[in-house]
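Shared between the two complexes below is subunit A, which pairs with subunit B and subunit C, respectively.
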Partner chain A sequence: MTILDSLSRLAPMRLDLDETGYSIGDYEGAGTRWCHGCGNSAILTALQKLCAEEQLPPEKTVIVSGIGCASRLPHYMGTYGFHGLHGRALPTAEGVKVRRPDLHVFVSTGDGDCFSIGAAHWIHAIRYNMDMTVMVHDNRIYGLTKKQASPTSPRGLVTSTTPRGVKLDPLNPVAATLGMSNVSFVAQAADWLPSILYDILHRAYLHRGLSFIHILQRCPNYLDDDFDEYIRHPERVVLLTHPQGIEPEDAVARRFPNRIEHDPGDMAHALALARMSDGLPVGILYRNDAVPCYEDLLAPRRLPVASRIAALEHELDRFTVRPDGSRSDPPGEVITPPARALAG
Partner chain B sequence: MVAQGVTARAGRTGARDESLPAPRRDGRGKAVPVPVAAGDGQPVMIPALLRSYGDLGAIRHDFPVVLLQGGPGATVAPLADLLDGLLHQLDPSASDVEGLRRDLYRLETRIKRLADAQPGALLSTLWSQATAELLEDTGSEERREALGLELETARQAIGRDGTVVPCRSDAARLLVEHAWHRLRSEQATRDAEVLDDLISRVSDVIDAERARAPESASPAALRASMGDAHSGIDFEALSELLHTAGRHERTAGARARRLREPLQAIEAERDRLLGEAASHMAPGGLPAVAAYESCAAALGAWRSEMERQTLLLGAIRLATLELENRFRADRHAALFLGPDAEQLTPEARRALPPLLVCLDADRLAPGDWSALLGILASDMPLKILLAVHETPGGPLARREGTATWPGRLAEMAMLLGEAFVVQTAASHLPRLAESVTAALRHEGPALLSVFVGPSSPAAGIPTYVHCAAAVESRAVPSFVYDPDRGPDWPDRFALVGSPQAELAWPRHRVAYEDPDGGRVEEEVAFTVVDLLVLDPRLRRHFGLVPRAGWHPRMLPVAEYLALPAKAAADSLAYVYLVDAADRLHRAVIGRDLLAIARSCATHWAKLQGLARPTTALVGAAPPVAPEAPSEPTTAAPEPTTAAPEPTTAAPEPTPSPDAAWIDTALCTTCDECTALNPRMFAYNEAKQAVIRDVRAGTYRELVEAAETCPVCIIHPGKPLDPNEPGLDELIARAASFSR
Partner chain C sequence: MARSAVVHTAAAPVERGAAGRLPKVRPLRVRDHIVEIVSDSGEGAQRCGQAFASVAARMGNDIWTVEIIPAEIEPPPRSIAGASGNRIRIGSHEVSNGGNDADLVVAFNEQVLLGRVRAGALRPGCDILLESKWRAHRDPEVAAQYAAAYEQLVAEGYRVREIPLEELCLEHSSAPERGKNMFVLGMLCAIYSQDLGIAREQVAFTFRKKSDEVVRRNTELLEAGYAWARQNLDLRFEIPAAPRTEVQVAINGNTALALGIMASGMDVCAMYPITPATSASHYLSEVFENVGGIVHQAEDEIAACAFAIGASYAGKCAVTITSGPGFSLKQELIGFAAMAEIPLVVVDVQRGGPSTGQPTKVEQGDLLQAIFGGHGDAPRVVLAASTIEDCFYLPITARRIAETLNLPVILLSDANLATAQTTFARPELRREWFAAPPDQSAVDAAELPYDWERRTGLHRRLIPGQPGGMHTLTGLAHDRSSAVAYDPDVNEEGLRQRSLKLVAFQRTLLTPEVFGEPTGDLLVVGWGSTRGAIEEAVAALRAEGHRVSALHLTYLQPMAPGIGDILRRFGQVMTVEMSWADRLADPLVTAENRRYSNLAWLLRARYLVDVDCWSEVKGQPLKPATVERVIRRKLAGR
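Here is the complex of A and B:
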């Protein structure tokens, strides 16, 4: 029982104190410059809906991004944002979080930004597990620079950097993330399943720790039929449901005949799902609420003012030189004052 | 558990079975009451099972306890546990461990005797005194030196100090108050830290406000802020410049003014909390923070405390709103008006800082009982320690005609629902320390009903034995009712501390020597009658029977109580007693005491039922409701042609196959359709596309929108305008999007 416990239970009251009443419109920023039909719009809408649902104060919300189509997202939000350097969305977000743990931090990054130039940061951000929500918009192509191959481009895809087709199998970001140390939340979503995307994003936001959401995102201009096999054949989507994961409403769930009850606590099954080749798993693959957040391990307890002053005095006393030339105890650096100062 | 088994070693009872001089008999040969007490009130008889506990100084048990000062972890620990904890840390194979064990046990015995003589003394003091005594008794100089060193090292290894409390009638209060002080000190320190942080942030706001006020740009203020070193600066000009630049808002300072009063309130509370935390933890002796001695005093204190807290919470709330920049004068100005307890919800009231009320059941006024029930049924976080001196049957001695016992309040309190209830005896409190702390932490009222021994104790029976016997005999069942543990009784209620809780009465072995010198062992139950033997006022209810008068229809109390009523009418119940000369006797028991025993047994069985998950009820499916009885045949039959009742819920409108529609829930907000014709397509409040006006565009646009929609959720339906050119081709293209 602390004062704040009491405070948090004060009557919502006649004074109507907590009513902020943000609507989706309050989270809209500049008009989008994405191509019409772009999957990024669905992700933006889901994020704005989440902010309105959770009534996140816009001044306490930060969207951090790197470079790419996906990384334009902070411009379109009516919150604070940071459009950073290529591949450096995650370390920037970590910097924000470590200094201002009270802010709600979201990261918007793409397959090139996160899995190619930013791959090192990806690994360590997962390991640090700071409390933020990471949305990787994976359209399997560099769209902003007009079609170059990305780490997730399908084999054989002809692009301006691979005129004879991509030679390698694509990276599996979900399986890779599941293999990283301290991973605490991994989900896979698709922009064309907006209500499921929203459910996953909501769960991810509520999770304390780094929530990694791999979002398959259509690029109507440079890879327009890439996900058609799933869009036109919903039965190829494997919907993962669980009380600890997502439980879509019946109206949504019944569109997907292929549903699996998957416990997000089961890492072995999550890995098997991530590696499945005959379908697209959508849902929360893994979550472990017990993984500690780096900011919790790091955060020093803030001392009361009196103790802080005492500590400062103690430190400063180490440099005190008394008129008789003796030093304070405990001994610190010996500073020999200039003769003139002593005389004065 | 009790005395690390008050009765566990009763088997060693070395009583000899010798008959007393022949008792007086009436004409029908029945035993008549024979006084079992000497003239001075000294009991000459004690229950056989308590025979081994005459000298508690020689028996290791849960008392004395040490009220540990500071440090994390346990708040109290029996002295025996502290020493055993130390010994467990040692390597048992080391050569000198056995010697140390013997020395520590000798020391423990001395400390116990010293603690009895010096209430309130610290462990370190008693330890030094006991060490000095032991050293005095040690012969060789060399051995003395080694022993002194050994005991001093052991004391340092234990590390913690605290007041040593022997088991007397005030022990319960000391233990609970100690837990209370520890808890309140923690809570007050934490609250003070929270407020301190708030104060520094509010002060920052006020400082910033001050910097923005026009006065801060006056030449003098500017000069003061920059120091004398900048003689080249024309502060007059700078001030003028700053004023002209309009940096200072006219309204600046409004926030500072609004925050001044709340800040003072918060600072005062911070200082008060720091003072309270310090007084709870005052080193040496017990701190003097009020525990209330009557319900009326506690309720008065609670009311004024709640007013103060309401004011404070208003101040904090206002400060927080200002810090978050959410303060709106029109809506929030009323916040810091004054105490208005109505603003607090029951939940908020429960979470307010609690008050401790220490009551003595013997000194309560009649009105206090209803006040107590009122408190326990409310949401006030008042923590009530009720010291009970009577056991069931005690009132019998007062000839009040009823067997009402103040301890029943605990059972009533459980039925009130949300109060935390602990019932036990002082002897068992150290083992229930965690439950006591949980009760004090509980948000809401709590009752700690503790049997602390009779107000006029029988000579020769230590308070500890009396208390432990009360729990052992089921007279004072030890239990915890924790409403925070779940919705159901088995989750909330546990017979914590009650020995052999699965049995009706705890059973122990008693061994004695028969007249022929043979060893006899019997297993007997320890019942409430054994406890009542200790009450000198009840001795007229016992009658000694010489061995010659023993017969098979004399049954131990537990067996007697289990008999059906008819068989019981032909039998007598007895208990084994031991006199001062260690001779074993049987005493038959009067009907009034048997009624008390029966009532205790019934109560105990009820408590057992509450603690146990009732699988029969939980597992069984609810009985199927019987079919409603059929209507009497004379009733007019329903007309079969009646139209079905209109359903109350409006059915979901089904889109006509000819009308255009969008599967809005699947829309990805990709802007394709809205870019094509924003008058025809628009987003709803969830930013997903709907058809705004199907007539605002052509059928061609509708079909093109369906074709370009990346997730294929636009269904064009049939054209509205039959004269639109190229319709045949468009209808063919739209066909693939129809349902």
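Here is the complex of A and C:
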């Protein structure tokens, strides 16, 4: 065994003195089992590209998910993955991050997972603002369970659970997220615009705090034409550009005649964009780097065992009773049992 | 002019003269006494009781306190259901429970006192010290209620002494309604021959977060109460100190639990507020950061459990603390931790159920859920604290089991242990309790995330940060490499391996000791906080020559080896529990359709022994006298 081998056994870190680095292949896991043409594949590719670009050590990267098609993503990564319970990806990821702020945490979740069964966690995850990147794959339908309505399904959509059409207007996740306390990063992307998706994901990763990316994602099996109006008519996409947001190359930007310079620091404008009814804003809607991260406010500290024991001994002191039977009064007679002693 | 106490008994009402004329009262030595202090909520009876218990403990007595808690924050004043306060049992011997009937009661109004009478908490004919200001209350209805209650109590034989508590405090405080609890503390110290110096220290400790002026005023009230009782009351007891040389701690079960969690080396506790578990989290929130840990108050019970699982997954085992309803909500995630094999400690401080049930009251109805809750076969270890000392040590044990077996460990406590205070030997903290998770050595190229050892199901856990250990854990059926199972044999192998961990663990457990002889006519089996009451009852009956023994279980899942043999060595076996069991006296209930209490179900199923059960679900801690009665009836074949 070389010295280097033994050192690397001691230290839980990669001693990569040759600086060979990681390639995309290092981030590949099991072969995907998504349907042919599924938009999730584009999101997976963007994430793998980001990991390689940022040279994230696979052992220091954790992808947390819930249940649904989107939540299968960790299996297809070469990193650590946590394929948890339906709706609970966010609180699980929070636990990972609070325990191990050194890990790069990504959350892969869907419209049902995040906006329906896990909606309570969505609100509070935004409020905690922990440093993680949340990718919500929104295909506006439940795919894994075969075409039930989701909270973002358009009104009138016929599904297995709404045979006469969805009766309610869909939830607007971007507007809702912008309305949440402590929101620090909100973006909207689409799987069919991969270079813009990548730019947004990259910005999201670099942002310190919870980066919420609402990704419109095609479901070729159950809702194949849902986003056609935007795919066939790129002019209906409103591309948000800004030095603080994304600045796509000209070759990409040129495809979108409808471009707006939007300052992600402008919440009022971000809300107006999120609520627009005649177009699809794509880009970074809001960003605020000043919101504190929960793990900076509350995280276990690495204390030497001796300090921990000393602190705990100090606590025990508060409750300690020392042996002391001394009495000032002369002893009386012992009468047992007590009930009889007092009966008279 | 000093005021006087009026003493009435049914037999002979006696009015005593002015202060100082009492003959010197010689204290009556007793081995065990139970005092209750009751008031409306917020009048300070609980604080008085806790301080009195601490003084007694520091004097060398064994103590056990029971909180008397109304279900509401502010129940209507002077209401029978609104009694708030403390029961303090003081002994010369080891005190393991709240005992039977109170020997002396201090009541700030007659209605809360009636509440205690109605609850059957008082010994017939016991001494009562009653605030008398209501007798001349300006509202004639109040005055009439007081007079009627007083007459009733005297007629029933209670020795009621009326004392103008607030009036007596007026000389020392402009707000006597807030200071009289310390006056009463002084009175009790005088009655029970407690050291005034120790009581002064206790008052300073009780008000340590307040100004010096507050401490001074309360000390003055304490001293005034002490002096007044010395001069005006003919009640004097002495409870000799228990022979003791070791240093002890005096704490309640939830404080012990919080200290145990800190001593276990766990450093993440995720919780959502729920009664009666929350007070453990209050204390943890106050001090955990000093020890390097955190309390995360999650948005709900499910999130708290998920957060703890996430933290466990990424490092040391984490803990979530809850009570009944929250425990139900966590079941899906507990099943997940069992499936994905993530260590997790779940503390359930049980309360009355089902549904919202009785949030502040004790019950033991969660045992079957702890073992079998959730869908599918999700093996977990279930431990139950039966003493307050257990509340300290079992979190340390629980973490160790969870990290060795990589599964959820459920630690059951209950509302009785949570709020009861007693003394036990001060723990000696050990460095190894704070150790990192086991085995973080480098991952071998051939190592799989679920390298189940065939006989035991054991394997080591790969934690994020370990190079070469990358995998995706999942709640889906999976194989040794954590790949989703599409092969029917793979699913069955996972179920077998996870179950074998409990089998292997069971073989490491020691057979519990029988309390009493190892054979006899009747074995009483219990678990949890009923231990003190059961063993006190059994000891009393054994002293009379009855061939009865007791067995108390800490490990409920799996159960230790040898228990079946123990059960079969007795003529009859019955459990005594605080979870519902159908009463055979009910006309439609038969041996065939009867629903047994939790532990009885388990023993019958596992050991094929005809285990009977007796249970009480009144929300009150079990009394030794009640258990004694039950055992006598069983021994008599009724």
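Throughout what follows, the second predicted complex is superposed on the first by the 280 of 344 C-alpha atoms of A that agree within 3 Å, B and C clash if a C-alpha of one lies under 4 Å from a C-alpha of the other, contacts with A are read in each partner's own complex, and residues count from 1 in each chain.
What we mean here is this: a contact is a pair of C-beta atoms (placed from the backbone, for glycine too) under 8 Å apart; a residue touches a chain by one contact, two chains touch by 3 or more.
Owing to the predicted nature of the structure, the values given are computational and were not obtained by experimental measurement.
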item	value
Which superposed partner A:E94 touches (first subunit B, second subunit C, both, neither)	second
Contacts of A:A251 with subunit B and subunit C, given as first, second, both or neither	first
First (subunit B), second (subunit C), both or neither touched by A:V305	both
Subunit B versus subunit C as contact partner of A:I123, first or second or both or neither	second
First, second, both or neither for A:T241, with subunit B first and subunit C second	neither
Broader residue contact with subunit A after superposition on the shared chain, subunit B or subunit C	C
First, second, both or neither for A:E59, with subunit B first and subunit C second	both
First (subunit B), second (subunit C), both or neither touched by A:N288	neither
Partner chain(s) touched by A:A42 [first = subunit B, second = subunit C, both, neither]	first
Residues of subunit A contacting subunit B in one complex and subunit C in the other	9, 13, 57, 59, 302, 305
Complex interface listing, subunit A residues touching subunit C	8-9, 12-14, 29-30, 57-60, 62-64, 74-75, 77-85, 88, 90-100, 102-103, 120-121, 123-124, 298-303, 305, 307-309, 311-316, 319-329, 331-339, 341-343
Interfacial residue positions of subunit A with respect to subunit B in the complex	1-7, 9-11, 13, 15-17, 20, 23-24, 32, 34, 36-39, 41-42, 44-45, 48-49, 57, 59, 191-195, 218, 220, 231-232, 251-252, 302, 304-306
Subunit A contact footprint on subunit B (complex, rising order)	187, 190-197, 199-200, 309, 312-313, 316-317, 320-321, 324-326, 331-332, 334-335, 343-345, 347-348, 351-354, 381, 441, 443, 665-672, 675, 685-688, 708, 710-712
Interface residues, subunit C side, partner subunit A - complex	26-33, 54, 57-60, 100-101, 103, 123, 125-127, 193, 195, 198, 238, 240-241, 243-251, 255, 259, 262-263, 265, 267-268, 270, 287, 289-294, 296, 298-300, 302-304, 306-316, 318, 332-333, 336, 423, 426-427, 429, 431, 434, 440-442, 464-476, 483-484
